[in-house]
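Next come two complexes, and both contain subunit A; in the first it sits with subunit B, in the second with subunit C.
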Partner chain A sequence: MLQFARLINLLIMSKKQLISTSLMVLPVILFGISLTLGRYPISPVDILKVLISPLNPEVAADIPEVAQQLILRVRLPRILAALLIGASFGGTGAALQAIFKNPLVDSNILGVTSGAGFGAALAILLMGNTWQVQLSAFIFGLSAVTMAFIGGRLYQSTPLLVLTLMGILVGSLFSSLTALLKYVADPLDSLPAITFWLLGGLTSITWGRLIPLTIVTLTGITFLWLSRWRLNILSLGDEEASTLGMDPLRSKLWIIFVTTLLTATAVSASGVIGWVGLVIPHAGRLIVGPDHKYLLPVSISMGAAFLILIDDVARVLLPGEIPLGILTGLVGVPILILLLRRNRTGW
Partner chain B sequence: MQLNANHITFAYTPQRTVLHDVSLTVKAGETLYVLGRNGSGKTTLLSCLAGLLIPDRGQVQLNGNPIGQCRVKERAKWIGLIPQEHIPVFAYTVEDIVMMGRAPYLGWLGSPTHEDRRIVTEAMEQVGISELRERPYTQISGGERQLVLIARGLAQKCQVLLMDEPTTHLDLSNQQRVLEIIQQLSQQGLSFVISSHAPNDALTYADHVLLLTGGWVTEYGAPQDILTESLLSTVYGIQTEVIYEKNKGRLIPRAVVPRRPKSIHPSTLDQPGSLLADIFDRSEVEPQLVIVTGLSGAGKTTWCSDLVTIARKHGYEVRGILSPGIYEGRHKIGIAVRNLETDKQRHMAKIRDKNEDKLSTPRWAFDEAVIAWANTVLTTISHSDLLIIDELGPLEFIRDEGLTAGLTMIDHGHYRVACVVVRSSLLPNALQRWPNAMVINGVVS
Partner chain C sequence: MKKKSTLTILCLICVIFIASCSDLGTPQEEAQAPSQTQIDASSAHPGFTIKADASHRDAVSALYSAIYAEEAPKFVEKEADLLVVPVTDDEFDRGRIPNQFLPDVAFINQSDVPEVLTFIDFAISPQGQQVLIDAGELPGKITLTDQAGNSVVINLPVKRVISTYGPATSFIYSVDAENRLVSASYLGARDPKGSAFMEKIDPRFPGLMGDDYFTQEDFNLEQAAALDPDLIVTSARTSWLETAAQLNLSIFLFDAETPDRLKEAILLTGEIFGPQSSAYAEAWVAYYDEVINRVQSHTEVTTENEKPKVLFTGTEPLRVASGEMYQTDIINAAGGVSVSAGLSGYWNDVNLEQIVIWNPDVIIVPPYGGASVEAITESPEWQILDAVQAGRVYKMPKLVVPWDTPAPDSVLGIVWLAQKLHPNRLDVDCGEEAAYFYNTFYQFAISPEEIASICQAD
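Up next, the complex of A and B:
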């Protein structure tokens, strides 16, 4: 009987659990809807058939080859990438805001985005191959944080503060270097390519690039999700975290390492897409409160949903394709302003 | 359970030692109050006891094991710390905050279990904050916040709770509520180390009191034994009065109240039985020290000067120095020094205009030759009925320069009554040196 009561108890979810669970289903629904969106109309039934076709080619025999290719080679990888990258930005934003005890922080705090931007610009200028651009973006994204980290080690006091300062310095250094590259780039050829890459977009996503993105993102997000409980404690500050039995520096460095890896991977795949990491955790906090047990998964799924939505707008609603970085800014700023107005209770 | 500090010394930088040779013991169910002025090292001591800071010398031990060697997680199961100001950036609910007390019991990537939740509910109930569980921690009152943190300590299942000024920002009823809960928990075996600015709380709630002055232990013992008027003067640099209560034929201190400087006019020396007349009467038995204090320009020198006139009228032999201001119109442009024996006056200080003046305060540059002369005047006084030393300032108290003979003359006590002029800001320094002095407001109406 007692077992039964406990089972019932488990089934009855609290309001918070209900909201966060439904928010977690949201990206899945959006994922399905997004597959049907596009200039080439394909019915949901046909889409289902195409999705099953790799297992059983006969199912999709009556569907035009173009439609099959469009679903499997264009829409599916692109929407999956939007989902993964959005989830990655949402999760890293929430985690970094917690450990820096600052709701105005996002994944660029340690200069990773600026570093990746420079890496991409350099590769476009020197080589031009998309595969090399991605690798270079990733390498320079990681080196920016490493530089910030080594710079921070030179000072003894308040390591995280110095690390942040170094991140800002390294970030502006790479921004200047990127500007320099744009200045010397060929205005007809490589300059538009650099500019377009820096504005972010998912047009060049292929299955080949999706696989490493999927592996890193899923591993990183799992780590963050498992650390959700630590994020609460780290957000109280080093002294309290330490009296509550945690080594704050070690935990924070781990989280910084993982978020850097996530961001560098995401940015190298999609270019610079701002605002998701900053805005989404705020929205999440308004809906489920600051407890990272709920906030982290909700930020991850809302980030995914937000980026799928933005990418849909970029693909479908507007005649020419608009870079994602522009849209997230255009949508992100009004949302942030609205949230700031509504916020009356503290973060 | 026993928490020990053995001769711990701690310095943030080699030049700034904050704790000197501090030792203490806290046993199960004991409450230790740490009292001292701002900056005396109370918070640093708590941080050392919590293991957040490692002492440069000496050791903090828990049940005989040095906590420096303890793993952070193990330490957190024994010792909890409640910091002074605690408002997190994010608006966690009360329950979230108390749940954080379970952190030491979770694995690296674990999350709370059913059992953890039960312990948290129990802790909130024990402290009486169950009804607040869903409220944002940032929106409850300061007293409730302290209770939430105590509940977190209970959820942490620690044996010692270190609390940094738990009642500082609380109103009277919340102070009482928090302190009573601490008292009840200590009766159940939980130990507390509480840093505080309230000697009265220590009298009521403490088993032991540790008085800290500039990082040194001034006294350590039972509150009724060590919270005496002269010790409190030494620690806080103010004069206090301890109010006693008779209990089973014994006098037990109940409260400490500050004693204000008295406002007395020099002319009251003429009235037998007045405070001033009493001081002179008592001086026949032992030397009496009067500190004349007040803000700059309040009339301290005039007060002394009036006293000199009246004392001479009574036939007292007056010695020492006065330092009247030198004025140009309404502006004070210098300080003179007058030998009261010969009435010879010399120009001691002028407004400082260069940075390289050797003996100077931010406002005045002193003439070293005149200072040396004044010191000679003071040292050649062998005995006097009334000794006036006007004035001892930052040079003397802080830098040990200037009229240093004034300090030693007062220390030696070769006088019947001595009046030493000290500005209000330096009164604590003077009282730490001479805790039993009588303090008078040198205001001339």
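Up next, the complex of A and C:
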């Protein structure tokens, strides 16, 4: 009887593993499919040839130069960026929901997105549209969280609660400042630029911008991956974590630091893309349950898959680009409502 | 602990302050009163001779006795110092704006007597207009239909105008009515170069710049009342019309995003400011039509497929002008085809793949919003495009008003673009036209060096 129970247990586990493994293959499959999608028609065979061409240039000799350049310089970096940014949002969302023990938390909990939005708007207003916008978004994203920390240190008790409060305050402060900048911006030139940036998009991704994004995102996600067992303990509560021999505050601060870095990097590359960090972990919980051993990797891969898909729609559907922030919201909100209605899974 | 919290609050206040500095920067500057031709009513009787039809003699007498204290003018049948002639010629006549003091009636100066010039200046000034209104020669009020379809009653002469819409301000300058402005919003005068030129064109510009009080979104009621305007001109898309209605003033709305609407807008502006401004407006419309016809006559042989394909980008390389924008009309007038004419709305974001499919022959970047040719030509991704390979990426010029906006200056945008699109086929020259345009419609003697640097800029 005991052995039978063990067998069932094993079966359940392997089913979960099967699901999470197959979910992890999903972004890879979507990546391949997305390479064949685009306004400019290129056959899948040609795309394969072009991808091999850096190793063996003769393979792609008969393919027009334009098609080769489009795949290598435009499509490939953009789809990679969608994958990385989606993974980053999904992972940070899951990690932050765990340590704040709150399912309504996403990467903007400490005001990083609002700060980055303000930084970008300021740079657009003062300097135009160049790499300075990205840098300014990154710096202000980090400053927002730093400000929340400085504010949070005013009180010694329940630091995480105060931190959350300060995050909300700093976030709304930067939102107001962004609104102020939009108000003074020239409605014919910098205002549309700010609005487009705040809605998010990956049109301007190039290899030059992708490289720092890749380094930070891969390092950050690896860190989160390695701390997934900590997330389980932290989500039980501080006392339980302390009993299990862990310094809960220290672990949380580390995770907050890494997620902030991840979010600031992602947002500065893509503009503000909402909902991925909030909705994806919920979808993940619905599929594999609340165990972060599975939830974290699944959130990461589902985030990547989701953003690749959304970005495909954004760049292929119409001759004009559809801002990502609009699409993620349109798809993300119904999913969230559905999930909240079917509130039967444990968080 | 208290110290720390005070410090934090101080920090927050600092951030707010610094961010809002751009809003607080400029001190309040009183708009100067419009300079007007002051004529001494007790001038001695100069005794120049005037030749006029019987139907115009009453008007001339009214003007004359207003200056020369009840004296009557000397009318002669021929060989006069000053002729009064009907303006019938609708053809474009370069460089000649008639001194129109009544609708389609103008003075022609035949002598070198300085009093004649003074007399003409007075006749076409707002005071002259007032004299003619009092004499019943001009209407005291007119009703015009503005471009939002509203009937607007305007009391004449209009002496104090607030313009909160950049294009409308440029209409007013082009019909030589800028001395009636008491506050204005300007196109292209925010950058240092633009504002320096604007100050050269009109020394009153720094005092007139009213962006702190009046924009399309914002209207400072008290400041408006303090300026005591006769008329407010603005865009049909303005959001504060109900607020401004409290002032019980005439508000005239413009909505000129196509060539026909632009011509209409400028003719309406002329009517608002009187016969002399109408003469300028008609001259501009005739010039605009003439330039378009001249460009077309050189590019006509080109069939639709042979016309150069043009991509008009915005403040970012991947932001392009839609078919509904005036930029598309400029491209058509210059003998090209806009590749993004199928898009609707305002600026559209697109991706590089779409641009590769469009495969433009020429790419234009605008002279505002930090857009630059280098952002395209120095980007490795954009090298796939034939236009970049061929070096055919150009920046639309501007003096103050960008040449791609629906304003009088856009006539030069058509000339410049036509030269870029059809390099060896056109005998219309950007420098020549720019010199004529700025001299005639802005009364600005632009130097050859300035012209060269504007027209050559790419």
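Quick note on the criterion: the second predicted complex is superposed on the first by the 330 of 347 C-alpha atoms of A that agree within 3 Å, B and C clash if a C-alpha of one lies under 4 Å from a C-alpha of the other, contacts with A are read in each partner's own complex, and residues count from 1 in each chain.
What we mean here is this: a contact is a pair of C-beta atoms (placed from the backbone, for glycine too) under 8 Å apart; a residue touches a chain by one contact, two chains touch by 3 or more.
Predicted model, so just to flag it, every value in this text is computed and none were measured.
K.L.:
Overlay done on subunit A, so just call it for subunit B and subunit C: clash or fit.
P.N.:
Subunit B and subunit C fit side by side in the superposed model.
K.L.:
Using the superposition on chain A described above, determine whether A:Q69 touches subunit B (first), subunit C (second), both, or neither.
P.N.:
second
K.L.:
Touching A:L180, do we find subunit B (first), subunit C (second), both, or neither?
P.N.:
It touches subunit C, and subunit B stays clear.
K.L.:
In the overlaid three-chain picture, which partner chain does A:R285 touch, first (subunit B) or second (subunit C), both, or neither?
P.N.:
first
K.L.:
Now for A:P323: first (subunit B), second (subunit C), both, or neither, which partner does it touch?
P.N.:
In the superposed model, A:P323 contacts subunit C only, not subunit B.
K.L.:
Measure off the angle at the C-alpha centre of subunit A toward the C-alpha centres of subunit B and subunit C in the combined model, and quote it in steps of 10°.
P.N.:
120
K.L.:
Is the number of subunit A residues in contact higher for subunit B or for subunit C?
P.N.:
Partner with more touched residues of subunit A: C.
K.L.:
If we overlay the two complexes on their shared chain A, which of subunit B and subunit C does A:I310 touch? Say first, second, both or neither.
P.N.:
Neither: A:I310 stays clear of subunit B and subunit C.
K.L.:
May I ask you to decide whether A:L122 touches subunit B, subunit C, both, or neither, giving the answer as first, second, both or neither?
P.N.:
second
K.L.:
So after superposition, what is the minimum Cα distance from subunit B to subunit C, given in Å?
P.N.:
Nearest C-alpha atoms of the two chains are 17 Å apart.
K.L.:
Quick check on the output: what are the common subunit A residues between the subunit B footprint and the subunit C footprint?
P.N.:
Residues common to the subunit A contacts of subunit C and of subunit B do not exist here, since the sets are disjoint.
K.L.:
So in the complex, the part of subunit C that touches subunit A is made up of which residues?
P.N.:
Subunit C residues touching subunit A: 1, 4-5, 8, 11-12, 15-16, 19-20, 22-23, 190, 215-217, 314-316, 318-319, 340, 342-343, 346-354, 356-357, 368-371, 375, 379-381, 383-384.
K.L.:
For subunit B, which residues are in contact with subunit A within the complex?
P.N.:
Subunit B reaches subunit A through residues 47, 50, 52, 72-77, 79-81, 83, 86, 88-93, 96, 100-101, 103-104, 106, 109-112, 136, 138-139, 156.
K.L.:
In their shared complex, at which residues does subunit A touch subunit B?
P.N.:
Interface residues on subunit A, with respect to subunit B: 98, 101-103, 223, 226-230, 232-233, 235-237, 239-240, 242-247, 285, 289-291, 293, 345-347.
K.L.:
If we count contacts the way the header does, which residues on subunit A are in touch with subunit C in the complex?
P.N.:
Residue positions touching the partner: 38-40, 65-66, 69-70, 73-75, 78, 122, 125, 127-130, 147, 150-151, 153-154, 173, 177, 180-181, 183-184, 186-190, 192-193, 196, 201, 203-204, 206, 315, 319-321, 323.
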